[in-house]
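After this come two complexes, each holding subunit A, first together with subunit B and then together with subunit C.
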Partner chain A sequence: MKATFPHLLHLDIALGVLYPTLGVEIITPPPITQKTIEIGVKLAPQNACFPLKVTLANFVEGIELGADTIFMAGGVGPCRFGYYGQIQNIILEDLGYNVDFVLLDHPRYGIRPFIKALQTMAGGRVLSSRVIKVASLAWKVLRFTEDLETERRALRAQVKDRQKLDEIVEGALEQLRQVNNEKSFQAIKEETMKKLDNLERKETEDLIKVGIVGEIYVAQETKINFNVEKILGELGAYVHNSVSTVEYVLHTLPFTRSREKLEAWELAKPYLKRFVGGEGIDTVGSAIRYAQWGFDGVVHLYPFTCMPEVVAKSILTAVSRDYDLPTLHLAIDEHSGEAGLVTRVEAFVDVLERRKKLKKKKVEVS
Partner chain B sequence: MDLYLGVDVGSVTTKFVLIDEEKNILASCYLRTSGDPIGALKEGLQYIERHFPSGGEIKGVGSTGSARHLAGIVVGADIVKNEITAHAIAAITRVPEVRTVFEIGGQDSKLIIIRDGVVEDFAMNTVCAAGTGSFLEHQAVRLNVPIEEFGKLALRAEQAVRIAGRCTVFAESDMIHKQQLGFGKPEIVKGLCEALVRNFINNLATGKTIEDPIVFQGGVAANEGIVQAFRDFFQGKKKIVVPPEHGVMGAWGAAILALEYAPEKSTFSGFEVIGRQFESRSFTCEDCPNACEIVILKEENDIKALWGSRCGKWTPVTVRQRWEEQEDKSEEPLQIEEEESLVKG
Partner chain C sequence: MKVGIPRGLLFYRFYALWKTFLEELGAEVVISPPTNKGIIQKGLTYAVEEICFPAKVFLGHVLYLKDRVDLIFIPRIVSFHRREYNCPKILALPDLARNLFNIPEERIIGDEINMREEGMRGWRRGFLNIGKHFTTKESKIMKALNLAEKAHKDYQANLKKGMLPEDLIDHKNPLPLREKKIVLLGHTYLLSDSYINMNITEKVNDLNYSVITPDMVDEEKKRYYLSTIPKPSFWTISNEIIGSTLYHLKERKPEVRGFIHLVSFECGPDSLVGELIERLLKREKESLPYLRLEIDEHTGEAGLVTRLEAFVDMMEWRYKSLESYVSPFASS
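Presenting the complex of A and B:
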């Protein structure tokens, strides 16, 4: 079995740590590029969501590298993610690819198929202490890749040498691919954090703070969202992203819960009590949390026509008014133009900066 | 006299405004970009030079518009700003009590919400270009009406024909259909204006509270038919102001931003730029499947600026290296051929 899987930010690094121990050879699809997007757009139905198109293209590119099996996760609820696997499987069949499609559906659809799919993905291995050990290491690696990006978002506007910052983060990510034991992981972690701490800072006061909310794929995957967080950082904003794969996995596994998500859902309650699929509630709750943290604005990223996020978008209008929190909505798909997006992000940062100055003046006067 | 220059290079037109310290417009011009932003910039500078007050000195330059970065490099701007901020600043300067700005330009339209003289919220058309200047112009040509007369024609109509305005292509086919049914030009043009206003409101104003006074600016504000359609849409209940400077508001805003920025020493390139030779070159990087199109702005042999490198590997230094390598390579094949022939011989 040679399995390929979809990209989601640095998921491939964690899987690369995990799989050598399991009896499955994995084939990491090439990084998402313009070519990937073109393949997905060509093969998927026009009305399908953008993440379906890009992940489908990951599979095709993985198959071209020799994969004969696809590992894919499934969703639940009124979000179309629930049928990604089925649709993609049919498309691949129609294209004449002879591959096994292993779908790890949400445990809510039945714990037995969930465990069975998990077993297939683990190459039929039983839970030995060795497997548990490497799985926990892979989990730590995934967590750390997210922490690294969190640092990068926060630091971009603060450090003197942004290129150096990128070099440190990219270098660490590359090193993490080679990790095979706890000791080497801890060494990379400590060394990287020390390097980041030692980066020379600019004298910055009153940085504007921007939070990112939205759909799990588009809000995280910088290769398809035009790296909005980088644009914001280079314009001088401290950026935080509320979307996290780690939290998603925690919340999806049968016996664990994400505290962050539960908190966001609680905050969203006055506006949205029901699960609307995808990250709809998270988007609303996280925006409120950013307002409570004193952030200056929120950028909402979602795939064009994403139903849960369209619900959240309408509700964010009320949140934005009630909490006096400016919100920029950016729908992303293959038709999104970079120039228009940059113009809007620039103007948004101007709005936040002017508001912040004005608020400060008011405080000084009173 | 301290002067400030604002440049707005849009997709269709290029605008220049020269102001004094009091933000008064001393000279302004409105030109066609005609796909040649550098040519349009030189032409604009020539105009400003001809109308330059004696004893004046340019203390700051601002650029805006979709080609703001290019314009910034060529003219030597001290501040490069997006068109939303520039338009808002100009509207606030012109009508201090403004609460909403409608801006319709060549290829995009904007809605800016202003409260207490500060931008509160904005929207820019994302999906469709229906209702922007380019579309109106295209239809004017098709109906064989000069663009300047287009708006006036609408005012002559007693009633409007309902035209589907959600999409430019469908609007056009619907217009043709209505023409074939025998409706007159004025009715059709009026119907078109109303459709475009509906489109603007539906696309940009959803979830936003439009309060007056509204300042309507951008090239399309010259079209009386559209202005009247906006008035009709609000049933005359909202005050709509079309400032006489509506066409150059973006450039005016850029000039005001330069004034507020007040650089110690301006980076203005001077009017000598008119005589200098700029050239833009491009190549497609094939190092990864992203296939970035790298655009290089050259002045003689000097690389002034470079755009389009997503991963950041292309900088003036690396591009120069690439060119040198290519020059070396172009000599290489000859040597190989010689070697081959030696072996054969």
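Presenting the complex of A and C:
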């Protein structure tokens, strides 16, 4: 069995740590490029949301590298993500690919298929001490990759040498791929953090702060969203991203809850009363939280036509009005152009800077 | 007390139920007029551009009612079938209307009706909560609900007989029956609002075909054929579309000549389910023609007519040469 899986930011690093020990051979699909997007657009339904197209293309590229099995997760709706697997499977079948589509679906669609899929994905047994040990290491690696990205977002506007920052983070990510025990992981972690701490900072000035909210795939996957956080950072903004795979997984597992998400849901209640699928309510809640934290603006990233995010977008207009929080909505799909997006982000940052200056003046006068 | 029901989305499905229920509780029911240009304009102006066309139209109806009634009836219908959902936009409908038009929360009847986990218990609790806006007596509410459910059954029976929701709501004359049939797939709110679907039923009728909608197929049949696919979707209306497609495909009647699937451009569920249907149809050995018509505020009537006419020509040609036709996608 050679299995392939969809990309989601640095998920491939964590799975690369997990699988060799489990005895399952995995084939990491090639990094997402323009070609990947073209494949996805060609094969997927025209009006399907963008993540479906890209993940489908990941599968095709993985199969071309020799994969014969696909690992994918399912869901219970109402967001379209829960139905991706069915559609992708039928498309691959019609294309004539003879692959095993292992879909880890919610147990409510049958407890036996669920356990069987879990077993296949764990390479035999589900609960052995070895599986648990390596899974916890992979989990830590995933967490650390997210922490690294958080650091990078926050530091980009503050450090003198941005290239050095990228080198450190990329180097650490590359090293993490080779991790196979707790000790080497901790060593990499400490060394990287020390390097980041030692980076030379600029004179501290009053940075504008921008929060990113939106759909889990598009708001995180920098290869799809034209690396908006980098553009923002280079324009001199402190960036924070509220979207995280770790929190998503925590919230999905039966016995754990993500505190961050629960807090966001509570904040969203006056505007949106219930979960509407995907990250709809998280988007609203996180935007309110950024307003309370005193952020200057929010960038909302989502795939074009995404149902929960369109709901969130409608409601963000009210949040933006009530909290006086500028919001930039960026819908991403195969037709998005980089130049147009950069112009919009630049204009947005200009607005935020001007607002900040005016506010300061007001305070000084009064 | 004047209660307004916006004419859009699930209204076409639950018209009799909602109207009877509210009237039994002593409310004066005001239904917004059939969709017209003004209402659509209002919806387009205020709604975010990316929400689906029927939702924009619905919001236009809400705005029409806003200053004309005391309470606006926008229940949050999370689910009207066990283990299934409605689309996220319907889940958030009262919140959308409230935030967009700055309507105070107490002016909207937005109680949740959710049969997803608890089935009929969730249904009854939802209506009980709605009833409490009018009376404190639970027995009165339950009596109203019983009468409403009876009215709903009659309404559904009439739909099954081949009447269209608009015939029943506005007492229109039913279209003449034609011998040949086209299965018209799509969400009820798109099939039933003749203004936003550019009167497609009449246009098809003029071309000498009658339409069969998912409402005209037996519930049990739809559910049975739905269970033959590996994993049904989690959207009730889309499931009904899949079920009726398979029903017409497997229990083929000679007068059924093809499928037209009416989709609104932004519709999330139908973007996937439409693809599924298309592929299921292609896999069939002697399949039927399938046309997907996408509708939004920019759709031109002339283009729609041309496509319909071309499709009908193709269907007739295909029907004549059916015996020599084998789908290239069919597995032998």
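We take it that the second predicted complex is superposed on the first by the 355 of 366 C-alpha atoms of A that agree within 3 Å, B and C clash if a C-alpha of one lies under 4 Å from a C-alpha of the other, contacts with A are read in each partner's own complex, and residues count from 1 in each chain.
In this section, contacts are C-beta pairs under 8 Å (C-beta built on N, C-alpha and C of every residue); 3 or more make two chains touch, one makes a residue touch a chain.
None of these values were measured; they are calculated from a predicted model.
Shared-chain residue A:Q119: touches no atom of subunit B or subunit C. In the superposition on chain A, A:T317 makes contact with both subunit B and subunit C.
In the superposed model, A:A331 makes contact with both subunit B and subunit C. By the touch criterion stated above, A:T222 is placed in contact with neither subunit B nor subunit C. Of the two partner chains placed around the shared chain by superposition, subunit C is the only one that A:G277 touches, whereas subunit B remains out of contact.
When both complexes are overlaid on chain A, the residue A:C79 reaches subunit C alone and has no touch with subunit B.
Using the contact criterion defined above for the overlaid structures, shared-chain residue A:T150 touches neither subunit B nor subunit C, since it reaches no partner. In the superposition on chain A, A:Q34 makes contact with subunit B only, while subunit C stays out of contact range.
Touching more residues of subunit A than its counterpart among subunit B and subunit C is C. Comparing which residues of subunit A touch subunit B with which touch subunit C, the overlap comprises 314, 317, 331.
By the touch rule above, subunit A contacts subunit B in their complex via residues 30-31, 33-36, 163, 166, 314, 317, 326, 331, 339-340, 343-344, 346-348, 350-351, 354-355, 358. Contact residues of subunit B toward subunit A in the complex are 66, 81-85, 108, 118-122, 124, 126, 207, 288-291, 312.
Residues 45-49, 52, 74, 76-80, 82-83, 85-87, 90-91, 94, 105, 108-109, 271-274, 276-278, 280, 304-308, 310-311, 313-315, 317-318, 331 of subunit A are the ones touching subunit C in the complex.
Within the complex formed with subunit A, the residues of subunit C that make contact are 47-48, 50-51, 76, 78, 83-89, 91-92, 94-96, 99-100, 102, 110, 112, 230-231, 233-235, 263, 265-269, 271-272, 274-276, 279, 282-283, 294, 329.
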